[in-house]
Each structure stands twice: as structure tokens, then as C-alpha cells.
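Could you have a look at this structure, given as C-alpha cells, before my questions?
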Amino acid sequence: MDSICQSLAEIVGEGHVSNRPEELYIYSRDLGTAEPHLPRYVVAPRTTEEVQQVVKLANREKIPVVPLGGGLTLAGLVMPLRGGIVLDMKRMDSILEVNERARYALVEAGVSQGKLVAYLNTHHPTLVHSEPGAPGQATVAGNVAIHGQGDLAQPYGFNSDMVNGLEVVLPTGEVCRIGSCSLAQQWFTQHPLPDLGLFLGWCGTTGVITKVSLRLFPRKRIRDMGMFVLEDGDLVPDILYRISHTEMAGDLIAWSQELPVTVSGLHNISIFISGDSEEELELKRKLIRVGILGEYIHSGVGGLVGLSANVRPRLPRRPPVSTIQDIKKGGGFEYVGAIMPVDTYPECCRRGAEISARHNIAYTLLGRVIGRSHAMMFSWSYVFNRADEDSVREAREALYESDDLALELGGIPWKPGVYGQQAVMERMDPNTLSLMKKVKKLLDPNGIMNPGNWEVS
Amino acid sequence: MDIVVAVKQVPDTSEVVDVVEIDGSGKDIERGTLVSRINEWDKYALEEALQWKQKLGGTVTAVTVGPGEWDDTLRRALAMGADRAIRVDEDATVIDCSAAARTLAALIGRLPHDLVMFGAQSEDFGSAQLGPMVAEMLGIPHAALVVRLQVEEGEAHVERELEGGARDLYTLRLPALLTIQTGINRPRYVSFSSVRKAREKELSVMSLDELGLPPQALTPAVELARLELAPAGKGAVLISGAAEEAAARLATILREAGVI
Amino acid sequence: MAEILVVAEHRDGKPADVSLEMLSTGRRLADQAGCGLLAVVVTSDVSAFAPRLARWADSVLAVKTGKPEHSLAEPYQKALASVIRERKPNLVLLGHSSFAMDLAPALAVDVGAPLATDCTNIAMENGAITVTRSIYNGKVNALYSFAPCETVILTGRPGVFPVEEGRGKGIVEEIDLPVHEEAEYKRFEGCSEPEASEVDITKADVLVAVGRGVKEKGNLQLAEDLARALGGVLACSRPVVDYGWLPSGHQVGLSGKTVRPRLYLALGISGAFQHMVGLRGSKMIVAINKDEKAPIFTDADYGIVGDVLEIVPVLTKHILEPRR
Amino acid sequence: MALTEYRYSDVIHRCFRCGYCKFPTSFIEVNNCPAYARYRLESYSTGGRLWLIRAWLNDELDWSEHLGEIVYSCAACKNCAEQCPLPFSDDIVDMIVAAKGAMVERGSVPSAVKEFLENVDRQGNPYGTARSKRGEWMEGTGIQEYDGQEFLYYVGCVGSYDTRAQQVARALGRVLQKGGVSFGVLGDRENCDGNDVGKLGEEGLFEALAEENIRQFKDLGVSKIVTLSPHAFNAIKNDYPRLDGTFEVRHYSQLLRDLVRAGKLDVSSGFKAKVTYHDPCFLGRWNAEYEAPRDVLRAVPGVELVEMERHRADALCCGGGGGNFYTDFLGGSEDSPSRIRVRDACATGASIVATACPNCLTMLEDAVKAEGLDDRLKVMDISEIVGEACQARGS
């Protein structure tokens, strides 16, 4: 053990630090196509104070620090591109407070999405949080740090729009509280204080988020879903616009995939609704089924599965990304997600299918509506065989092309890897870019936070 | 590099206290219920030999003087990686060290040997005599209690363990004999299947006669008069209870006894 | 002429403790048998301690040699062989030390004398020598006698034979023997001492000794904390050194050090005799071990059957802040 | 061993490390994998372990004591197999056991594992205590040596040698006697069942033990076996048949349920306590027997059975599986699974945590001591509870 390892051990305890080859190997890789980068140390802190001391040490010694949650961003964002310390936040997994009346939950940064869901189910059955379509070990803090979104995005928007407050350890070691918690007891709002949104979407390059207060939403007793299936993708934006107009739907997801062949070439719009009573549900069904989809059905452009009291499709348990991932029996899966205008859905699909074809990977395309059709998160997914270098390369190239496509179509790659980040910054207004640079320099004078990501050249 | 390793089989008396009994003759213990195993120190000698064979090539031959049951231990040596094994068929339990040494010297003298390795001592009798005796008989240099070995250009650089962690450093010209102390390496685990596979390897048995030794070569100079069970210690006062209270009690006891 | 010869081993200009134990024993036997006691030492500095040996021995043969300063088998074997051939002592005594383990067996073959090593008792009745050896992990004592012969060579277990200060005034005779300490087939390259930083556990009042039972190196911290709380020092059994958890200087036992602390607290040590012989002199022995069948509980004064890793931290707590 | 010779070379890279293997079905805690619970580093999760195994077999990583400990810290509790959404989920535990096997064949295993295996090979038990002492637990119980009785009562290593577990072995013996069951034991002739030896990757030794046991059982004309330990139950039920050893084997909880139902066991004296039940992995996840022990407890008047939040297929392992009750790679911390488990048990407000496995019993009992919960929580085996319940009144 070198001296830095010693001091780290004194901070978090010997068992929660490692510089041994086995840990370094595991933390040098993420689940996607990114090339591995070895850290020098792996540290698993339990408290904000420990994080603070680790960051202070790192800042003094000018050692990079890379915060890690569930490690599921897939774009190499939690890989130590410049070595240094990987900070595994998953030991900080206490749910500190759920305020029913003010509808928020205060959690430590390492709390997993799965744990919060389970906790609310048991202790606060009338409340729900917006859970991303990721395996349950994805963390709440990780998701807001990348502007994630998930269930309930259509009515309520991005997860980072649902943040009431944050506790953050700055790169220089100070602990800061953002929002009402900086002056009041409750963590119920960020506004009306001056905007300090310096940590959401910064992918851990401006500090380490240690606590998050997240808005919760009414959880209706009954859920139902329907799927509108059509061939003509050009109609999808219009349909999404009109369904969201009813304000009756929960989530709206349009998707199209090559496998299994039975669905190949089709577009599917999954419509999720919920209600506290059959009456409420039936009303919502009617308004969508009859009021919106009726004419499309009559004109024969598509058909509806579900959304009727007597047909009840089984609601999928949390989408297990990893089962899709195994189609190639290769354990590899990565996607480019981009925030796109809903209108671009047809083009995203056409061009996406072409990219997939070029790299002979079956296409999996999906657009999740964010807000009332304000935007959509469109994802181009690629599976690969981890054990086959060529397969990995093909996927990697497909991902780069998808980043370019997103930008070409006027969208913005979401949580992009280094390649996408560079592409974004090349196109960005130079003044905006230099503001980013100033902010980063101000917060992180020694450039220790997740270096290599969002580096303004 | 041809290495000869002398091994012996011992009854396992290490684990439990009250399992050893003296037999009728009063000169041996009841072996009926006892399980036999390879002498702990010999494992380290074998491991060291095998590691040097791996580095420098050559052969490793395991030898012993003992009864038929000791083939188990030779098979184990073969399973660890020894190339061949030879047993001189005599009941080692009734002969003394010098006799065993004489026999082994006669055997090893006939084998190619750049290095000869013994365990520093045996678990059962703990005499720590055999190795250096054999060396003297073979007229080759030796070092006892070796905890570090480096072999190069016909020489062995060794560190001998002294009391209290000090070490003597020697250079021995090969052929040489070393007695190996535990801790010099980490003896490998010998899997059951490798023991099975070792059944194909060569295990030969020789007689004194074949070694050109007369029977009287085995007359002991040190004669065992009789064995007695060692008087057991008085036994500790056991402090019972959960960690918390037991620890508290002990702390009090230590304080009252004035040791702290 | 009847005579007992004691081989004096030395290090750092001092005779080894075990050699003094053998000198006392030799003296006792010589007085019983009414024969002389001869001490032989091979050294570069005769004046250093040869006179001290003469308090026990009737005469001290000091064989002058050049380097090294401490006892080596090679020069001793040559000197002793010629002394033994010339004076034919009935009995040659050495301590069962690393030095003797290297020397005695070769010497025995060299001079054709029977050898019994690691003796725990030595008796001489009208010329006939009988010895006791502790075998089978200390569970059995074996009594040996010897076929009629001129000389018997014995090595005695360290820490077993009491030392009574010698009162005599023997003569020191410096003799010159052909001692080639440099044989071309076996070169002495020097000696490595344990790291100076290491504490001397033989001087410590309280020893906290760890064995296999602490499971992993990381857990040594617990024992260290306890040792600090008790104002003591960390010691250990052989496996702990073999696994590389502690330097060998901390090792108690046959191949380690012999200690006589006021308190010997054994954590996760089963108590094989190779270890126990090193701590017989302890005023109080306390053992904590998971296995209630562990032999250590027979020699210990107090014992706790339980998991060291659980009990030690609690014990440390209670040592630091006594319950009111 | 090269990756190509590894039995699962075409599967092992398919783990995505999505992390389901760390959770129970409800996702309420991330620490349902005992090794991950103890260390909280990705290297100790099932996914991390599989990736490291692949790296080792690929020569991307050298063997080290630490790598050995990571691989051997798997308690073979099967939570991962239960939770993994991928098609090869049933093979996960065996993928790890096969890697242990590769280490065994190379002779490179952690020292504690080496001890375990050498002790079993030598003395027929992991403690290395003499074979001649295996039968000592039964002194004064009046339990017969097996001689053609209906059942062979197979005790196993822990029940035979661990002093606390010996009490359970005796308690079950008394209950079987009370229930009028015709049974006998092997005493000193009993040998290790090999279940954990197999889970430590020493396939050769496992087969040798199994074949020896099968031969002995057949020679004695054994057809029905009741085991104290779910570990032995698992080996005899699922592994012995492929070695041509098919016996009618039952875990004692199953036999007790029948005895109670058939009214052959009078438990009317009852046992008044709030009891929570800890599912042993080798009874539960390995053999899907969740109900028999609970049925027995429910049948005892006075027992109020309460469940821990994680139970049945979602139960947290005590950390004693896969030889860890001896090798103890998961011990020595407040994050040790056994200690988390007794805290779970305490949270139910129960005064008794019952189990049906001597390994679990000893693990949990040590944990209760370590947590200083002695005065609030008692660890008992179901056979002990039944034992008390069928004391004749007044006695």
C-alpha cells in the first residue's frame, strides 16, 4: 500500500479502499464499448464527510476523482480516463426522508432506483418517483447528474427538472447545499433562489453529488396500457402530439425494432395510463381510443391493442435492458440517446435503420416523449459480442455515426461519450462554451473532477 | 538440474489433544485410529524442488525409507509434480536417525543429484538430524533450516534461519544438501484428480540388499527405552458468555492479577 | 578420562542463553558423576566472554579464529572433531539451536558418535546416559538410552534447562587448531539481522500473540490495538510469519524466540508445542480461540472459546475504559 | 487452464453486469448477495466475479491470493441465479464453481480453502478433528448405530463436531425417538457428504467422498435417509444419483412435518414465542423447500411465526455457504451477512430466529453475540423448538 492508499484507508477504512489489480481491473471498464482505463485507487465512502476528505486529499495531490453510481451510463462517463480515484458511491444508500405532504424524497447519492421504488411501494403507496428504463441498481443521483429521464417523462419532464435540492462536495472540498435546504429545514424546492444548476447534467465534472431531494408524484391505484401499431412512421409525431394534447396519458413511447421478424418494419406507440378508479381509467381510455385513435383506426392506417376494459395486457416488470442485450449472445449493449424534436422521429428511424444495416446489427429504435411532446429522447441501440473484437468495433462505429446523426437532425446527444461531447462542443456557440469553461475552472481549479469528460479545449 | 527430495509419512497428531495412546509394547503409539499424512516440512521441500525444476528443467525424485503404506506419501509427491519416487522397504519406525541416514545416503548416492532437499525436521520425532547426516555421509556441503534459495551456475545461495529472525548467508557449491524450513514458499494444493493421474508415474521399491547394505547397517545407536504420555497441562479456566461479558470479565481478571 | 564437553555458542560477543543452560546442566551432571566439565568455544575474541564460561567449566578451550564473530558450523565441526577424537569425552552437550541443527548431526557422523537432539531431560547414572525427548507434538515423551560407546552427543531444548550462575574459576586455555572457516565448497557470505526497527519481544512485559486464527493480515490491526491498550508488543506463531503477515522477529517458539512476559495473550493460536516451548516462562497465559479443543487451553491459565475477531475489539474497549 | 478449456467459455462473457444479482426480487436492499454485502466493491458482486474469472482465464490477470478470495467469497447461495434475467442464469453458480475447480487443479487456492480440503481428505471433516471423534456427539443419547433400521440419520460434519450444532444433532435424535421413528446413525463410520467440497471446486474429492458414502450406504442396505443438514440433503438428493447412488433422502424438516401431521409427534406442550424463520440456501433456493419448516413451526402451539422482509427465495444467506462457515471470507465485519441477517431478524420483533441448518445456526449464533443481541434474540434449530414442544407437561 502506498502512502495515498494509506491516507485513503484512514478516511474510509481499510476494507473500503483498494489498489489491487482485481479491483482496478473491474473499475477500469464500463458495460459498453469504451476502451478500459485503469484507476489507481478504488474508494467506497459511506458519508459526506468521507467524500469531503477524499476530495480534499485528491485536490491537494491533484489526483483525478471519478464518482460512480450504478455504472450503467454505458458511455464511459464513469471510467477514469485520466486514472486516479474511482469513488463508488453505492455505500451511501440511505433514504433519509420522505415528505408525503410536500411529495419529495431525500436520499443519499448511492440509493438505487430499485430501492426507492421498493421503499415507496411499502411505505408510501400513494407516491411514485420517475424511474429510468434502466436496471434497478442505477442510482437516483447518477441519473440526475446526466439529465436522465424515465417513467412519467411525458407529464413531468426530465429527472433533473424534478430536483428540489442537492448536497454537493465541491472539487475543492467544501460541502454546498443547493435549494431550500441551504436555508430552511425542508428540501421542498430549488426556486426562487438564484439558479445554481451547476451540477445537473455535468456528469460529475463539477463536484460530487452526495444528497438529492427528488419530487414524487401521485401514484394511481390502477395502471393500464395500450399499443397502437402502424406501418407509416411519418404519422407518429402527429399522433403523439394529439395524444399528449388530451393530457390523459402517462408515458408515450414510440418504438420500432427488427427482431422478432413479426414486428419488423412496424411502428408501435405504447400508451400508458393510470387511474384511481375504473371510471377514471375508462374515461382516459375513451378520450384516447375514441377521441384520437379512432379516426386512424377507421382509415385503416393502424390498429390498437388494449386500452379497453376487457383486454388487459400484462404490464412489463422493469424493462431488463440486459435481456435485450443478449440477443447476440455476446453480453454487449450500448445505445446513443439524444434529445430530439418529436418531428424528427421518422427520420431518426429511417437513418437509424440504415446505420444498423451498415454494421449488420438488428435495429432497435425508440422515442420516449418528454413533456407534452416538447421533446423526445430517441435511442439508437446496438448489441454486440463482448468476446468478439470486430463486433465491438462495429457497434462503436455505429454509435459514433448515431451521435453525428442526432446532431445533423438538430438534436443533442444525451450523456454522450467523449466522441459525442467533442462533436457537441464543436458546434456550440463559442461564448456558451467559454462560459462552461469559466464555470468549470472556477469550481475545479485543479481539474480533478472526472477529467477527460466535457473538457473544453 | 536433478533434485532428490527425501520425504516421510507421519501420523497426524497435530489437531486434537487426547487422541494419542501408547501401544502394548510401550515403544510405539496406537496407530489404528490415526490418519497418516506427508510430513509438513517435506511439502515445502517438494514445492521448492518443483519450482526450481520449473525454472531450470531437470528432474525431481522423491525418496523415502519406510513401510508399504508410505507409498501414499510418495504418490502425493508424484501428484505434486515429482517425476519418480523410490522407497527403500524398511520399517522406519523402529530404526534410528543414523540408520535411516545411512540408508538414504546409499540410495541418493546412486541417483543423479545436483541438489538434495530434506524437510528441516519431522512432525512426529522432530529430530532435525537426517539431512546434515546424509550430507556428511555423501561428503557434500549442506545448510540446515534454509528459508531462501537462489540457484545459479552450479552454486546455491541460501539463507539459514537463526533465532530471532537473523539469517546466515552461504554460497554452496553443487551438489549440495539443504534442509528446508517452512515459509520458504507456499506449497501448492494437491487436487484429488492429480493424485489419480499420478498413479501412472514410476514408483519403485528397493531393498537394503539392492543398496549393498548389510542388515546390521540398521542397528540403532540410540535405543528407545519406552514411551510415556506427556502429562497434560492443568487446563485453562474458561470464561463463558457472549463476547461483551467475557471480554469484560477477562479485563477485570487481568486488572486484579495486576498484569495491567 | 571422564569428561563432559559443552559447546559454547555465541553471538554479538555474548554466549547464547541456551549455551548457559547447557553449561549449568553440564556442571550439574559433572558434579554428580564427579568428572570434569570442558567448554569449547571457537571465537575471534577470546577475552570477550571465555572467562565467563569458566564460572561453570573447569577448563575452557578457546579456539582462535578470524571472522566471523559468531558461531558457524564449519569451523566448529573441525575444531570439535579433533578435540573429541583427542579427549574422548563421555558426553558432548549443545543447545538445540539453529547452529546446532546445522552442526551436531554432521559432527556425530564425523566422529561416529550417537546423537540425540532436542532433549528435554538428561540423566547420567553411573556412566549410563538416558534422555527424554518430547515427540508427537508434545503429546508423548520418549526415553532413550545408548549402546555402549565412547562419546554421546546431545542437544538440549532451549528454555527447558534451568540456569544456575556458575561460581567456579576454571582456567581458560587458548589453543591453536587448524580451523579453515573458508571451505571452497561452502562460503559464508555474511549475516542479515532482522530490521532494526523491530521491537525485542523477549524484553516485553506483555505480549499479544496472533496465530492462524486471525484469518487475514488485515485483522492484525485489532491485535495491534489491543497490544497498545495493554502497553504490550505484538508477537506471533510460525504460520503468521510463513504467510508473510509479520516479520520473523515477532515469532515465538522453537524456531522463533523464547519469551517470559508477565502476560502472554494468545489470539487464534492452536498451541502446537513448537510454539508453546517458546512461552513456557510466561507468568500468565490467556488464550482466545474458536476451537475449544485447541491444545493451548491445556497450558493457558484463562481461556475464552470464541471468535478472536469479535472478542478482541470488545476486550480492547474494556481495557481502555474499565467498567465502573 | 486457458479460457478455451473452461466449461463455460462460450457463456461467461455474456454477463452484462446489470446488477440484478445483488438484489432480492423487491429491490429493497442492494446487499442480497452475501459477498457483495460484506465488501461492497464491484469485484465481489457476481457480475464482477464472472468478469474477473474471464480475465484470469484470458491471462489478463494473474492468480493472486486476493483473486482466490474474491472467487471463494461466493457462498453459492444462488440469489444471483434467482435474480439474473438472462437465459444462462441457472448456470451462474456453476460458472463460479468451475472457476474454483480450475484453481484447485492449478493447486492455487487461498490457504483457508487448502486447509478445508486437506482436512476433509485426511480426517473426513473440515475441522481436521480426528475421525475417531466423529461419533462423540451421541454419547448418552441412546441413539443406535445404523443396523437395518428404516432411516439412516445422516448428521454431517457440523452437527458431528461443532459443539453448538452437536446439541441440535442430539435434539433431533430425541425428537425422532419420541416420534417413534426407526433410525440409526453411522457414528465414527460417517464421512463428509462432500456438498461443500464440491462447491469449493474439488470435484475429484467430492466424487471420491460420494462414491465411498454410496458404497457404504448400499453395503448397509440403506434405502431411506434423513439428514440434519440441508447441505448433505442437497448432495445426496441432487448429486449422488449421477454417481449411481439413488436413495429416498429427506431433510428432517420434511419428516417432522409428516410426523406432526400424522399425529405421531405430540407437540401439545407448545412453545410460546414470537419466531422468525431464516431460510437456509440449500433447503430453500437450492431445493425449493420453503414450506415444510414453516408448517412444522405453525403446528407448534404458541409459536407466532413472523417473516423477515427478505424471506423464502429472497432470503439473505447467512454467509456460511460454499465452505465459508469455515473459510470465513465473509466474516469479521458489521457488514458480514450473518450480522445483517440477525439485525433483519431483530427488526421483526421476534425473540427467536429459527433455522433448519447447523451451518446457519452457528453462523447466526456467532452474529448474535457479535451484535450484542444475546438478551433480545435467541438462535434455535427447529428440531430444538419441536423438542421443547413435545416435552411431556410438567417435565
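First chain written, first letter: the chains are A, B, C and D, and each begins at residue 1.
By definition in this document, a residue touches a chain if its C-beta (ideal position, glycine included) is under 8 Å from a C-beta of that chain, and two chains touch if they have at least 3 such contacts.
Source: prediction; values computed, not measured.
Look at the CA centroids: the one farthest from the centroid of chain A belongs to C. With centres taken as mean C-alpha coordinates, the chain found closest to the middle of all protein C-alpha atoms is D. A count of contacting C-beta pairs for A-D and for B-C identifies B-C as the more extensively joined pair. Rounded to a whole number, the gap between the C-alpha centres of chain A and chain D is 40 angstrom.
Centre to centre, using the average C-alpha position, chain A and chain B are separated by 63 Å. The centroid of the Cα atoms in chain B and the matching centroid in chain C are 21 Å apart.
Chain B and chain D have Cα centroids lying 37 Å from one another.
Contact with two or more other chains is made by residues 111, 127, 129, 369-370 of chain D. Of all residues in chain B, those that touch two or more other chains are 14-16, 243-244.
In chain C, the residues that reach two or more other chains under the touch definition are 292-293, 306-307, 310. Applying the touch criterion to all chain pairs gives A-C, A-D, B-C, B-D, C-D.
Those residues of chain B that touch chain C in the shared complex are 11, 13-17, 20, 22, 29, 96-98, 101, 120-121, 123-133, 135-137, 140-145, 157, 159-173, 176, 179, 181-183, 219-230, 232-240, 243-244, 246-248, 250-255, 257, 259-260. Within the complex formed with chain D, the residues of chain C that make contact are 215, 219, 243, 291-293, 306-307, 309-310. Partner chain B is touched in their complex by these residues of chain C: 11, 16, 72, 96-99, 101-106, 108-110, 114-118, 130, 133-147, 149, 183-194, 198, 202, 206, 230-231, 238, 241-242, 247-251, 255-257, 262-263, 272, 283-287, 292-293, 295-307, 310-311, 314-315, 317-319, 322-323. Put simply, chain C touches chain A in their complex at residues 218, 221. Across the interface of their complex, chain A is touched by residues 13-20, 22-23, 26-30, 39-43, 48, 51-52, 55, 60-62, 64, 66-67, 70, 85-87, 333 of chain D.
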